[in-house]
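These notes concern the structure reproduced below.
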C-alpha cells in the first residue's frame, strides 16, 4: 500500500544485492533505528528498560546466534544456555583478572571463549545427523552447568559462588542507569544483527542453508559439510557468548550459573521457533514475544481467574506459561514453521502488491 | 573390592532404570522416527499421577490398603498415559508426518513443556512420595567372599527385578505378539507397513503408550527411591545418552548401554568425582556418549547409515 | 525539424555525452548506454557495414525485438544513406520473402538464431540476400553458411576502421540529407502484397517533433519499448521521438518479463493499443476477485467514486471538496497502489490508438489518475495527425489536429490530411501511391469522420463501409454501421452487433448477447434459462438490450451528422455469430453483407415491421457435426431522439 | 553445420563394483567418456545408473575398480575433490535448496571459488562485495542462458517441476564444469519440456564444449542427442557404442522388452 516502486530500477548488482533494495524499506528501517536510539529513551521509563527492553534486546541477540545454527544451518542445539554461560564467565574472568581491560574487549573475549567451546562441542556434528547432535549439545549444557558450580576458579572463589561486576563503562561513559544500559546493548544488537545478516546472505550463509536443505547435493557442489557446520557453530556460539556476557554484565550485574541453565537453552530455542527459523528479524519478534507473554500472563491470568472466581497463584501462572509455550511450539511447528517472521514477510508482500492479493 | 562391587551394583540399579526408559525411547524412535525428548517429562508426569492418586484414593474412597491404592493408582496412571499417547498422535504426530527429525524433536520439546506445566497444575509441584511398601532394611550378601560382605538394599533388589521383568515382557511382546511384529514392520519401513495395511496411526498410539508404561514403571521406582519431584525429568533424560550409546534403533543396545552408563557414571562419580569437585554424574553420561559418537557415529549396536541419492 | 536521425544522434552525443540514451535489462540489471556510447556503436557498425559493402540508397532489414544494438544498426544504415526496413520478428519466414525481394535487400541484421534460421530458410527465394548479421550468437556457433556473421565481428572490424578513418562517420552523416529516405514500413493490406511505406528523415522527424511539442516532452522522459519495432507506432516512440527529444528508451529483458520491467521502470511516456490496455484491465479484475472481501469492497467503493469524479478531475474541472477529499483517500488506498502495481505511477502522458476504445476501458485508466489520451494517425502519416490535449480526452474522439497538420473532409466524408509528415510514396507502387496522394499533397486516409462541435476529430468508419439512408425521414443521411455497432458493443451485454441501413429508410440492428454477462445478469435476477437460444429469447433480455440501444440512440442524436443512424428496430439473435458459420471473419469481424443474405428473413421482418419471426438456421458445432437451431424471435422497437444540435 | 570435434578420453571408469551390504548395485562396470561428447548411460529403472554417477562424484565409494579423470587415477572419489576438478551433476529427484531463491541456488554453485574470509563477508567489505558481484554476474548469464529471468528471485520451492529441473541444471552450470553428469534430466517432463531440456543440453554441449554424461531410462529421448551410449541392466553393462549399434544389440532389446518405453 505504501510502496511506490516504479522507477526504482537497479542499474548495478551492488544496488540489487543490498539488504533492503526497496527504498521504502530502507527508509522504514532507518526510521525504526532512529526511533530506538532517540524516541524510546524519551518515552520509556526505568521499569520498561530494566524489565522489558534490555532483556528483550539481549535475548534477541542470543536468538540471532541460535538461529544461525538451528535456523540457517539446520543443526539442533539444546546447549545455547551453556554457551551464554561460557561467554558470561570468561568475560567475567577476563574483566577481573586482566587489569584495565576495556569492557568491550572483555565481552568479546567472552564471545571468543564461547566460540571455542562451541567448536569443541560441535565436532560430533561432523559425524552425526541432527538428532544425535541434540545429545552432544545437552552434554555441553550439563557439563558447563557443573563446571561453573563446582570449579571455584571461574567464580573467582566467591563464597556464594556468585559472580559480580560493577562500575562498568567505556571511553569515559559510565554505564549505570537503565538508559545507559539500554543504549549500550542496543548498539551491540544493531551492529551484530547487521553483521549476522551479512553473513547469512553471503557465501557462508548459502553454504549453511545448502547443508540444511540438502546436504548430499551441497557436498556434490563442493561444499565441505565439516567447514560449513563448524563455522555455523563458531559464529553461533560467538554471538550467543557475547549475548551471555551482556546478560550477565549489563542485565544481571551479579549472577549464578542458574541464570544459564537448560531452561535458558529451551527459551532461546523457542524464541527462534516462534520468531521464525532462518530469519534474523524473526529473532526480534520471538524475543519480544517471550519477554512480554509471561508479564502479560502475570497480569491477565489472576484477573481472569478473579472473574471466574478462582484465585490463581503465581505458581499456577508459571505452569500455565509452560503449557502455553509448549502448545505454541507445537502449533507453530505444525502451522507456520517459519514463525512470526513469516507473517511479517507475508504482510510486507501483500503491501507491495496491494490492492492485489498475489 | 567390596566397595567397588557395591558401587557397580548401585550403578546396575540405575542402569536398569535407564535401560527401561531408553527402551520406551527406542520404541518410539523406531516406530515413528521421533526423537522423543518428552520421555523425561513423561516419567515425571506418570510418577506424579501415580503418587497423587495413591494418596488421594484412600481419602476419597476411605480405605487403608496401601497396596490397593497403589494398584488402582497405577492403573489410573497407565490409563492417563494411554490418553496421552492418543492425544500426542492425534494432535501432534499426524500433523507432522514426513517432517525432518529435527522438527519432530522440537515438537517433543513443546510436548515436554506442556505436560510439565499440565502435570504440575493438576498434581501440584511439591515433592511427593510413593510408598510401595517394600522392605527397606539392607542385607549383607556374599559375606563368605569378602570381609563384611556386600551391603545391598532389598528394595533396590526388588525394583531391579521389577524393571528387568518389564524389559523381558516388552522383548517378549515384540518377538511373539502380532502387534509386536506389526510394530517391527513399521519400524523397518513405514511405506511398506502401510501398504500391507498396518494402520500407522494406531501403531504410534501403541508405542507411545508402551513408552508411557515404561515411563510409569521407571517413574514409580525412582519416585519410591528419591521422591517424585521435578528433578526426575533430568534423571530420566539420561535415557538420551543411553540410546546414543546403544544406537538409536537397537533394543538390546538400549538395555546394554543402560547398564554400561549406569555403572560407569557411578564409578566415575565415586572414583573421579572427588578429584574434580564431585557431582559429575550430571554430565558424565552425556560426555561419554559424545566421545563414543566421535568414533562410532551409529552407536555401539546401531546399523550403519547410508545416504541414498 | 529539418535534420536527420544520425545528426540528432551526434548532437546528443556532443551535448549530453554521459546521459543515458538507452537502457536494456540484461543479466538482471538495467545496463545503460549513454549517447556517446550509442554514437560509438552506430559509427563502428556503420564502418563495419560500409566495409561489407552497404551502399547509399539500398535497403537493410532489421528483424528482432527492441534491442539497443538493432536500433544502432538502423542508425548506422541511415548514416550511410541506406534505408532501414524493420520487419516483424514474429512474422513467418514466408511473410518475409516479399519485403526482401521487393526491396532487393542484401543486408539483414537480425536478433538471434530464430531469425537467422528464418533468413536461411527463405534464402533460396531471396537470392540477393548476401549478409545475415546476428546480434546474439547463442546456438549459432556451428553455423557456417556464407555471409553469416555476428554483429560483434562488424563492431570489431568497424572499430579498427574508425581508428584509421576518424572522420568517416561524420562525413557519411553529413552526406545524408533530411529528404533522403530513412525507413520503410510494410503495411499488410487486406488484399494482395504488403505495401512498403516510404518515409524520409524529414517526414518522420517532423511528426516526431510535432508530437513532442504537443505534449512538451523533454529529454527526461522514460519510455519502455515493448512492442514490435517494425510497427510504426513503436518506431516513432522508441526511435524517431527518442532521437528528436533525446529521452531514455528502456528495452525489457524478455517477452516474459515485460510486466515486471514495466513496474521497475515506471515510464513517464507510455503507448499502448487498446487490446493491451484491455488485457491489463482484465488481469486487474481477475486478480481482484481473489482478494479478501474487505479489499474487494474497498476497491469497488473507491472505483465507483473514481469513475464518478476521476474523469472530471482529469479534465481539470473543479469538483466538490468532499469528493476531492474522498478521491484523495482513494488515491492513497487504491488508485496510487494500483498505478504502482501496474507500473503507471510516473506516467505523465499515455496514448492509445489503432482501434476504437470502449468508454469503460478508457475511463477506468483516466479515473485512477493516468493521463490516457487518444491519437489519430497511420503509418502513412507518420502517426501524429490528431491528438487529444490534456483535460480534453474523450472516448469517442481522437483529438485536435496537431501542429503542421491540415485536415479537410471530402464530399463523401473521407478525411484528407496534409502535413510535412506524409509518406513519400509506396515503394515501387505508383498506382497505390496515386490512389492515396493527390497532386496537391493531400493524403486520403480512407477513414470517414468529421470535426465535432468542440473541434475534435471523430472517426466514424472506414469510408468504404459508410452508406446513406434512402427515403424516409432522414433521406440521404450518413450511415456508419461500424460506428453504431461499436457503440453497441461497448455495452458488456452485447457481444456482436450488425447494423443495416445503407439504401434503406432507417437503421435496424441484429444483436448478439454476451452469454456470460447476460447469463450472470439473469442469475442475479434469478431468471431461469436453458441455454443460449432460450436466454436470447427472453423478453427481459429484449428489454435489457432495448435500454442499451436507446442509450446509443440518445448518444447518436447528439451529432446531427449521425442522428440519422439511430436504430429504430432491433432483434436479439438466437445463435452466436461464428466464424465456423462464415458469419465472422477469422479475426472476428462481422461480415455484414453475408449476414444480410443469410438472415434475409429477419432483415425483412425488421423492415417489414413484424413483431415476431420464426427462423431456423443450420449451424456447425465444434465437433464438425452440423445441425439446426430454430427459434421464434421477438423484434423490438427502440425510441429514437430528435437531433439536438446542428452539425459543426 | 560443421561437425563438432570430439577430443580424447577425459573420464575413464574401470571395473567398478559397488555393494550395499549384500546387495550388488554395480558389478565390474567399465566405460570411458571422451572430451566434448554427449555420453548416455541408459537402462531400465534400478539398473544402477544413478549408483554409477554417485560413484563418479564420490557420494558412494565403490569396493572395487578405479576412476581416471584427466589422467589422474583414483580408487574412489571425494565429492569436493571431484567438484574442484570440474565435475558437476544434477539429480534425478530434485535436490535443490528449497529454502533459497533461484539466484541463491545458482550462487551456491560458485561457492568453490569464494576467496574472502568470514570477517570480510560479515562486513561485506571491499573484496567480499566485489566477489559477490562478480559471481552474481556469472550466475545471471546462466539465468539468461536457461531463460528463467522471470523467476530469478522466486524461492525454488514455488516453481513448477519443469523449471526446478532447469534450476538444478543451472546450479551445475554455475560451477563451470568440464564434465556434467545429468541424472534423468527429462524424468517426469511433458513433451515440450523435454524438447526444451534437450535443446539446453545440446546448447551447453556446444556453447561451452562441456562433456556430458547423461542418464536416462527412456531410450527414445537420448538416442538422438547422444554420441555414444552405455547400457546397464541389473548393475551389469550389456551394451556400449553408437546409438544405432546399441539399438541393434540383442541383449539391449531383450532388456527393454516388456519395459514400457
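As written, the chain order gives the labels A, B, C and D, with residue 1 at the start of each chain.
Note that in this section contacts are C-beta pairs under 8 Å (C-beta built on N, C-alpha and C of every residue); 3 or more make two chains touch, one makes a residue touch a chain.
These numbers come from a predicted model, not from an experiment.
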Query - Each chain counted as touching chain A and chain C at once - result: D
Requested in this report: Tally the contacting C-beta pairs at the A-B interface and at the C-D interface, and name the larger one.
Outcome: A-B
Query - Farthest chain (mean CA position) relative to chain A - result: C
Report task. Mind checking the centre-to-centre distance between chain C and chain D? Centres are C-alpha means, answer in whole Å. Result -> 48
Report summary line: So, in whole Å, the Cα centroid of chain A is separated from that of chain B by 33
**Report entry** Where chain A and chain D are represented by their mean Cα positions, the distance between them in whole Å
**Finding:** 41
Query raised in the report: What are the residue numbers in chain D that touch two or more other chains?
Result: 59, 91, 95, 136-137
Report task. Enumerate the residues of chain A that touch no fewer than two other chains. Result -> 12-13, 16, 216
Report summary line: Each of the following residues of chain B touches two or more other chains, namely 307, 309
Query raised in the report: What residues on chain D touch chain C, complex-wise?
Result: 1-2, 4, 103, 136-137, 140-141, 143-145, 147, 149-150, 152, 203, 206-207
Query raised in the report: Once bound in the complex, which stretches of chain C touch chain A?
Result: 23, 25, 28-32, 222, 263-266, 284, 287-288, 290-292, 295, 298-299, 332-334, 336-341, 343-346
Requested in this report: Going by the contact rule at the top, pick out the chain D residues touching chain A in the complex.
Outcome: 57-59, 79-80, 82-84, 88-89, 91, 95-100, 104, 107-112, 114, 116, 118, 121-124, 128-129, 131-133, 136-137, 171-172, 175
Query - In the complex with chain B, residue positions of chain A that touch it - result: 70, 74, 76, 121, 123-124, 127-132, 134-136, 138-139, 142-143, 145-146, 149-151, 216, 266, 269, 273, 315-316, 318-330, 333-334, 337
Requested in this report: Name, in rising order, each residue of chain B that touches chain A in their complex.
Outcome: 35, 37, 91-92, 95-96, 99-103, 105-107, 109-118, 120-121, 125, 237, 240-241, 244, 248, 276-280, 282-283, 286-287, 289-290, 293-294, 297, 305, 307, 309
